Amino acid sequence: MAAELRYPLIALNFKVYLESIGENAIRLAKIAEEVSREYDVSIIVAPPLLDLRAVVEQVSIPVFAQHVDPHRPGSHTGSIIAEDVKASGAVGSIVNHSEKRLLLADIGAVLARLREVGLISLLCTDTVETTRAGAVLGPDILAIEPPELIGTGVPVSKAKPDVVTGAVEAIRRINPSVHILCGAGISAGDDVAKAIELGTEGVLLASAYVKAKDPKKLLAEMAEAAIRSWEKRG
Amino acid sequence: MAAELRYPLIALNFKVYLESIGENAIRLAKIAEEVSREYDVSIIVAPPLLDLRAVVEQVSIPVFAQHVDPHRPGSHTGSIIAEDVKASGAVGSIVNHSEKRLLLADIGAVLARLREVGLISLLCTDTVETTRAGAVLGPDILAIEPPELIGTGVPVSKAKPDVVTGAVEAIRRINPSVHILCGAGISAGDDVAKAIELGTEGVLLASAYVKAKDPKKLLAEMAEAAIRSWEKRG
Amino acid sequence: MAAELRYPLIALNFKVYLESIGENAIRLAKIAEEVSREYDVSIIVAPPLLDLRAVVEQVSIPVFAQHVDPHRPGSHTGSIIAEDVKASGAVGSIVNHSEKRLLLADIGAVLARLREVGLISLLCTDTVETTRAGAVLGPDILAIEPPELIGTGVPVSKAKPDVVTGAVEAIRRINPSVHILCGAGISAGDDVAKAIELGTEGVLLASAYVKAKDPKKLLAEMAEAAIRSWEKRG
Amino acid sequence: MAAELRYPLIALNFKVYLESIGENAIRLAKIAEEVSREYDVSIIVAPPLLDLRAVVEQVSIPVFAQHVDPHRPGSHTGSIIAEDVKASGAVGSIVNHSEKRLLLADIGAVLARLREVGLISLLCTDTVETTRAGAVLGPDILAIEPPELIGTGVPVSKAKPDVVTGAVEAIRRINPSVHILCGAGISAGDDVAKAIELGTEGVLLASAYVKAKDPKKLLAEMAEAAIRSWEKRG
């Protein structure tokens, strides 16, 4: 059985910046842990794969892998297998991130592997069509990242609110048990609030946190915004 | 607008055998045309990409590409673009064959490109989950090829009839307008009959036809079986 | 045995532009044939894969595939096999174009397959290191395309003449039997002349020809320049 | 500057077996460390990527990554970057293992990245042609793994001694500074001795060690054989 996460959720993808590898991965994870505790809000971190295990040992918030391969244990030099993610103490994995796209057949296989070893899946998709297909595949969490907004600094929740509400409705219709996050362009508390108002259960962000001058301040602002708009939604 | 196909449908994937390239592609396509006319049954052929245009020029039955890339026209040396499939006179393309798997994001893009230029899409999927995801993506035709049966010579319709009926039901629920073919292990008239009895609208086969000692006899047997079981189904 | 080409050589990669697919492939190939005959200079064309066979039927100059897969004939839906390139009447293939990069292991396999069926290989490489590695692999022709110049419109022969002379020397030392072409940024007769002066045996170009307002005029200019600088070199 | 290794060298690739992930990675690395110390022979370990950092912290022998991506630090979710391998305390990386093949262009880029951050490169190649191309690319170490012997349990040094001596000579001629290991089928002390007799400087092995009933005994036997045949060679 996979662990349970609480919502609203702020998911932090550290990617592999100089600011997020090695000891920086631990530093950024500890800041996230502090904010999570101080604001009693659910925050997960996805550090670089090489730092996954060390981060798990240093913080008590849930830790995710950035990627996992579909292979079973065996002769797969250089691959990341679900059993080792589990052994590392991580509780889940990002799947099919826009920077690590998978074959449709492999997404099915990875989701099955994560289920098998008891890990939470966070599937990334882009267009409305692939998001709906993603919902059918039954991940635990689905992060919507419209391709036209990735890396623009413009949050999808502001630029195209009806893309978000449309996707939320479509996912709910197909698979009401999937948790929905809003990705792409989230860089301030306001973006988090807006994302939750539009019906999602949180956000997935990366560079805005990793590259922030004051990551703690930014994350605290996002945590407050998340709580406020979550309570408003009731 | 893409052309309309009639059902039941027998789809012949020539792959790239010595028996199916060059002049053999034309020979096998002409046999298919003869059987299609003599039995008044709908047959499509997917010859090797290099022989696509020559086959189109030689037969009047519908011709499909075996694969198309997601790219728009441009600097993509060695790629197959939808516009050139259309210019070749083909009417559609196989997408995501088990021997040419695509990223989920690219399947979405390829289906959009085929729609844009007016070509029919024949999407291949394997497990129940990816088949359901495939149905959501809205291809014109969906060919179910359970991975445990590919290349076994055992038709899915016989080995696992409930896999087929289950998939047919699931697809109908998600997207009633998708045409459904049964792939994997089809090698005789009986297999075709069984596939149609189980609710599909035809079959997708490859080596059984290409490698047949008497391809015409085999295809005629399949055409008869298709018509018979289609009429029985009413 | 593969066919023999004459040098200097102008190799035209049509890529898959709207201006180069379908009937346009034949039109552009016929212009190349005219210039080749009028100026008695060696020109080869690499049309889109779907148009390869039709182009071969329409012109008498050597035709190349833009890409070929390492597979032997068999169950490889959507792949391009060497045997079918040969059956199409083409005499060679581009290998590892920057838009269709191959695994090192597959480059080895593709070159072996081309040799086996009697086709000429035109291998593309980028940096000095991979160019030297490419020379070791023993292709018939090696086209140098420094990554910093691709698509810039600045010919490598002008921007970095010592990159070209350095690469030519390195290749000659490793494998004196490899023919060397200069790619990247070739767009005028001058560029061709310069490339030959620097020790190469011709050029590989794409968009400059395909997108030219008057392709015949441009190619004639290049043919003249090629002959002139070839004779000067003696 | 990359660290210096001593030769003869026994390189242990742990792959991602259940027997080699998590705590097992540390257990197997500690056994290697014991044998290295007791026999004063150079042994390196390449644990699963997720366990790399923990293994470095637990043993004092050199540790290698099983794979590294060509990317620079940045937006590359799920990738392994050279800077993080370095930050983990590892001293090198396997490159282009037969289970993780790379594009030729990416091999060039990865070797440059490893050099840039001061890590040792251990490049795997298969055929004589790609091995010679690999030598040109200038890795620190080259492991020859003839494809016809991988996973057969038959050591290349016994089955095809002249493949090994031929490869050694070819590499020496191209690049005398490259260290050469013999991979594929190494499973006993004898295989190690034979590999060194044939002119290599050690071996690369995986399952024989990971799956051994008594890994320490096997590795001790290999260490003894390595020293013995190294001294004999003088």
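Letters A, B, C and D mark the chains in the order given here, with residues in each chain numbered from 1 onward.
The criterion applied here is as follows: a contact is a pair of C-beta atoms (placed from the backbone, for glycine too) under 8 Å apart; a residue touches a chain by one contact, two chains touch by 3 or more.
Small disclaimer: the values here were computed from a predicted structure and weren't measured.
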Remark   = In terms of mean CA position, the chain most removed from chain A is C
Task = Quote the value, from 0 to 180 degrees and to the nearest 5, of the angle by which the CA atoms of chain B must be rotated to coincide with those of chain C.
result = 180
Remark   = Averaging C-alpha coordinates per chain, one finds the centres of chain C and chain D separated by a number of Å equal to 38
Ask   = If you average the CA atoms of chain A and of chain C, how many Å lie between those two points?
value = 45
Ask   = Which chain C residues sit where two or more other chains touch them?
value = 98
Request  = Under the touch definition given earlier, write down the residues of chain B that touch chain A in their complex.
outcome  = 96, 98, 101-108, 111-112, 125-127, 129-130, 132-138, 174
Remark   = The residues of chain D that touch chain A in their complex are 13, 15-18, 21-23, 46, 48-54, 65-67, 71, 73-81, 83-85, 87-88, 94, 97-100, 151, 206-207
